[in-house]
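These are the structures, in structure tokens.
Okay, so subunit A shows up in both of these, paired with subunit B first and subunit C after.
Take a look at the complex of A and B:
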């Protein structure tokens, strides 16, 4: 199903949807684009956010369950996910969600992840404004959204072309006949034009394709790269595919078992209680990160482990050339 | 229900195995139907401290579920500071266990230090199903005689026709047995070519595997139980990655040819 949403009705649509679910949309917070709960703020579509909307599927502070103790006996209560709509998720981040669905879906499927995933409506946005570090066309993950969205919007002149991808998307169109207009052939032609322009605006970065990164990995001097890397883990916290986590307890005798994001680039990640550490050097950990992205995840899921969002390059304080893997200094 | 929610289990017995290691017996609620294989592990929680992976040291052929806990960190300290009657959390069992259906009838079991805890499950399983196995030998080494686990069981194993060799790294006047490496025991034991199950420090695993291959064991017949840091037990958190494998789901038991490069 297709429809046209005039640009000045976007806020009305989100306001209407916000009456029965938590609407998350990109907005400016202290000058930066951030996916956050939307309460009528200006929507910021000028660039993709530095932090991916993964926060709403694998939160930094995810309560797995609450435990309460009564005379030495424990009982557990699981939180249930709230209904949520993520507006403005782009192709790279959708491809990341596809990979995470497979990773968290491998048996036994991760219940807390899918509880949130099933309660989340994805209103995607075809990416017509690629950032300077983006290379989704070279990694095969954009700029056009292919799959997984409930509703897909393309920003065209005077508004958005809306295309449905699931029953939830169809419901959004059907429940708001006052906001949507019929889509015209001209809207479709405009969509083709803006996507063609977006594609040509994206720099061709063949050296960043998975096949070429794998060649670079063969030649890389991991010890030297390990010395250049500052071991900060920033690249993993902004990556929409990275999903390492830790589990810990907060509270005695009653409290919460939490999981929080962790990163395989930190030395404590694989260290065992006795002190032995199978990946003792930063070079080994960096190599393992690349192997996971460019070999293990593609082998296991059939999908890309790197979705070309370029966020890791944006945050790298060591200014590593993450794709040629040549040592910079 | 989420796989992260543990089952409350009560500590019903605590034995001291060595100065820093306790053998705890747990009672699992009947409605849980807990069943496991030798070589599998559970995630044990002390509420308020967190959760850690512990290999099951009892055999599924016996009623009592036992874990061997060595003081190694915050959570094992918390478990060891618990008393009979206290409640812990438990999830699992996780992992593949020893592939008994693929293993040959002749089995050598070699353990070093606390790595022997998971192998005791296999030894007692063999004792209880003795006719299903051929020549079985156990080679076990600890740092000192005080660090040896399960001393009261060796005689029973020998009575079941298992050749048992024990060694310590550092002997003293009270120790009349072998002093030296586990590898040294392999020349003294009655070894028949077959499968091997090894758990211990990497250096010990490599030297035992090398010696066994010299003696004609095939690399793919040598099974190693790998220790790794773990958080989830269900192959998601990525702490226990060994190449493309997750030790918690694809392991912890791997054939030696799969893990040789990381040992």
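Take a look at the complex of A and C:
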């Protein structure tokens, strides 16, 4: 199903949707685009956010359950997932959701993830304004969204072309007939134009294709790279495909079991209880991160472990060349 | 989920941080993409900076001691008891019978009000804070040399240096964002010289790594200057045009040959000459230093020696040059700026010279004699001269040297009130515990090591009945008869800006993501990135000749090793916040003493073995880690762990000028447990 949403009606649509769910939309905080609960702020579509909206499916800190002790017996309460709509998720991040669905879906399925996933509506946005670090076209994950969205918007002149991808998307169109207009052939032509422009705006970065990164990995001097790494973990925290976590209990005797985003770049991540560590050096840990993205995830899921969003280059404290893996001076 | 822009709570870098808040809890944190310094990047502590906020251990209610235990009290009870006790002690023993220790973790506004509380409320200049234990020598030495005791350039300007001398700073661990700019300079071709007894990560990446014996910095710095002058690499034009006192320094260093310095410091003569040539011939040379320079009985002279070096080479007042003291706490610069110091009001105005100005502004009489420094207050407590103490956001039981003596001093007090966010080793000794709001639960400003004044914002409510210190200080001020009816932190800043020239143009409506770098004297002033570009606040900069003096305690037959203390990347100070952050606590869960392979072999110590480290003050029990990053004869203990408190070992021997204790050198011995 297709429809046209005039640009000045976007806020009305989000307001209407916000009456029965938490609408998350890109907005500005001190000039920077972030995904946060939308309460009427200006919507910021000029670039993708530094932190991917995956944080709403796999939060930095997530309460798995609360425990209360009474006379030596424990009782547990699991929080229920919020009914949520993410507006403006882009193709790179959608491809990451596809990978996470497979990873968390392999037996045994991860219930805290799927509780959130099932109660989240994804309103995607075709990426017509790629950022300077982006290379999704070289990694096959953009700029056009292929699937997994409930509703897909493309920013065209005077508004958005809306295309449905699931019953939830169809419901959005059907429930708001006053906001959507019929889509015209011209709208489709415009969509093709803006995507063609976006594609040509994206630099062709052959060196960043998975095949070439694998070649660079073979040649890389991991010890030297490890020596330059500043152990900040930023690349793992901004990567939309990274999903490692650890579980901690906070509070005695009553408290919460928390699942916290973790990073394989910390030595404690792979350290055994007895102190032995299979990945003892920072270079080995960095190598593992690459192996995970470019070997293990593709092998296990058949999907790319790197979606070409370029965020890890942007946040690297050591300003490493993440693709050529050459050791700078 | 809401996202609130604020400033990181950990080190002095002052990174922009976005807190993620949902249902009254901090769910995460992320970097601020447009922040002028951090530019969308954070270190591991920054990424995890919100986690301790919702920890179940948070103090939620005022507590008052009842014998051996604490009972819950109302704010009215706790505050009236605090005000009455401090007042009564003042009346009985004189106003200088009480003191206030403020917090480098607090905001500028809080530090200002606590400074006002001590001076206008309690009528004493006994007010100090943790800068006494970190950069007091910087304030003392650079105020003399340049007229301003702060980093002379912006952090990002380091990327444009040609040569960077990094002294006594484990920058990649303690100030990762500063390190990122140093590495950027290196990638651009800059030469790095690291001077540190330990082989740090930056030392491994440096062009030259010099490993002096701890406590011999003046010797090798003077030798660098000796070579620079001998080879005519000094900037005669700059020296003539903008400085005084060069001749005395030239004469003093004329005998400081590399041979002489090599014998004292253990650095090879050739390496010293190489370092002097690299730094002396750089077009833009910068010096970065931290606790390895200041925490000595010659701390002030150490800083002056570095000031002499940058002045002689004309490396100041231009981008990519300068002297960069790296501040440890996110607001230790601000706490100094606010005059939480016994001899200075806000804006570094001397108590003796500016008393009338503040008496007029605050409408009350003020004490005229400078007060006691932090450790002097504790000594006074031991002697019975100081009877009451109000400690805000500090944990002296862990952070001050010689914890045995600190304990004795605090036990001697008639009244101790402690305000903090978590129970600490110090709150255990208190008569009143006041629960404070954390950085995520209040408004205010922090001033980073590059003098950048930035906002923090209230993202959620404090737990239980906890309150921002601004409210606590205002309430106490009013109980002591000083009007303090501030509606907001912004209003306190308005008062600060009228009394402190550096902050004259600082108003909340101007503090966006870029903040403002002081000096910012007026509303239209854009702030100042590079200091001393045209002239120094004192007109001409001052050289001062300094001489090498040995540390207070040398390794000897009985205690053959030299102990230094310091930090780890994953923890912060006394660990109250980072040890309550799951990933950080997991990364470094237990204390270890670092020992060189040579010493370990000699003492038959294996890695992972439990050992006992002893000094003349005390002993601790912890695991040994054998590492070639330690030079022979030296051991290193981190300061974060209450189960093996490093400060049970250190001494209270002070630098006579700045009164900083010598944390970096203690004679120690180590044996298998």
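Definition applied: the second predicted complex is superposed on the first by the 329 of 329 C-alpha atoms of A that agree within 3 Å, B and C clash if a C-alpha of one lies under 4 Å from a C-alpha of the other, contacts with A are read in each partner's own complex, and residues count from 1 in each chain.
We adopt the following convention: a residue touches a chain if its C-beta (ideal position, glycine included) is under 8 Å from a C-beta of that chain, and two chains touch if they have at least 3 such contacts.
These numbers were taken from a predicted model, which means no experiment stands behind them.
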item	value
Fit-or-clash call for subunit B and subunit C when the two complexes are aligned on subunit A	fit
Partner chain in contact with A:319 - subunit B first, subunit C second, else both or neither	second
First, second, both or neither for A:56, with subunit B first and subunit C second	second
First, second, both or neither for A:302, with subunit B first and subunit C second	neither
Angle at the Cα centre of subunit A, taken between the Cα centres of subunit B and subunit C once the superposition is applied, in steps of 10 degrees	80
Which superposed partner A:104 touches (first subunit B, second subunit C, both, neither)	first
Subunit B versus subunit C as contact partner of A:31, first or second or both or neither	second
Contacts of A:262 with subunit B and subunit C, given as first, second, both or neither	both
First (subunit B), second (subunit C), both or neither touched by A:251	both
Which superposed partner A:328 touches (first subunit B, second subunit C, both, neither)	second
Minimum distance between Cα atoms of subunit B and subunit C in the superposition (Å)	9
Subunit B and subunit C footprints on subunit A, overlapping residues	246, 248, 251-252, 255, 262
Touch list for subunit A against partner subunit B, complex	64-65, 67, 69, 72-74, 76, 78, 103-104, 106, 108, 110-113, 115, 243-249, 251-253, 255, 257, 259, 262, 264, 269-274, 276, 278, 288, 291-292, 295-296, 299-300
Subunit A-touching residues of subunit B, taken from the complex the two chains share	1-6, 8, 45, 47-52, 72-73, 75-76, 85-87, 89, 201, 227-229, 231-232, 234-244, 262
Residues on subunit A engaged by subunit C in the complex (per definition of touch)	22, 24, 29-34, 36-37, 50-51, 55-56, 59-61, 227-228, 230-234, 237, 246, 248, 250-252, 255, 258, 260-263, 266-268, 275, 314-319, 328-329
Touch list for subunit C against partner subunit A, complex	1-5, 16, 18, 20, 26-34, 40-44, 46-47, 51, 54-56, 172, 176-177, 179-180, 183-184, 186-187, 189, 201, 204-205, 512-513, 569, 582-583, 586-589, 608
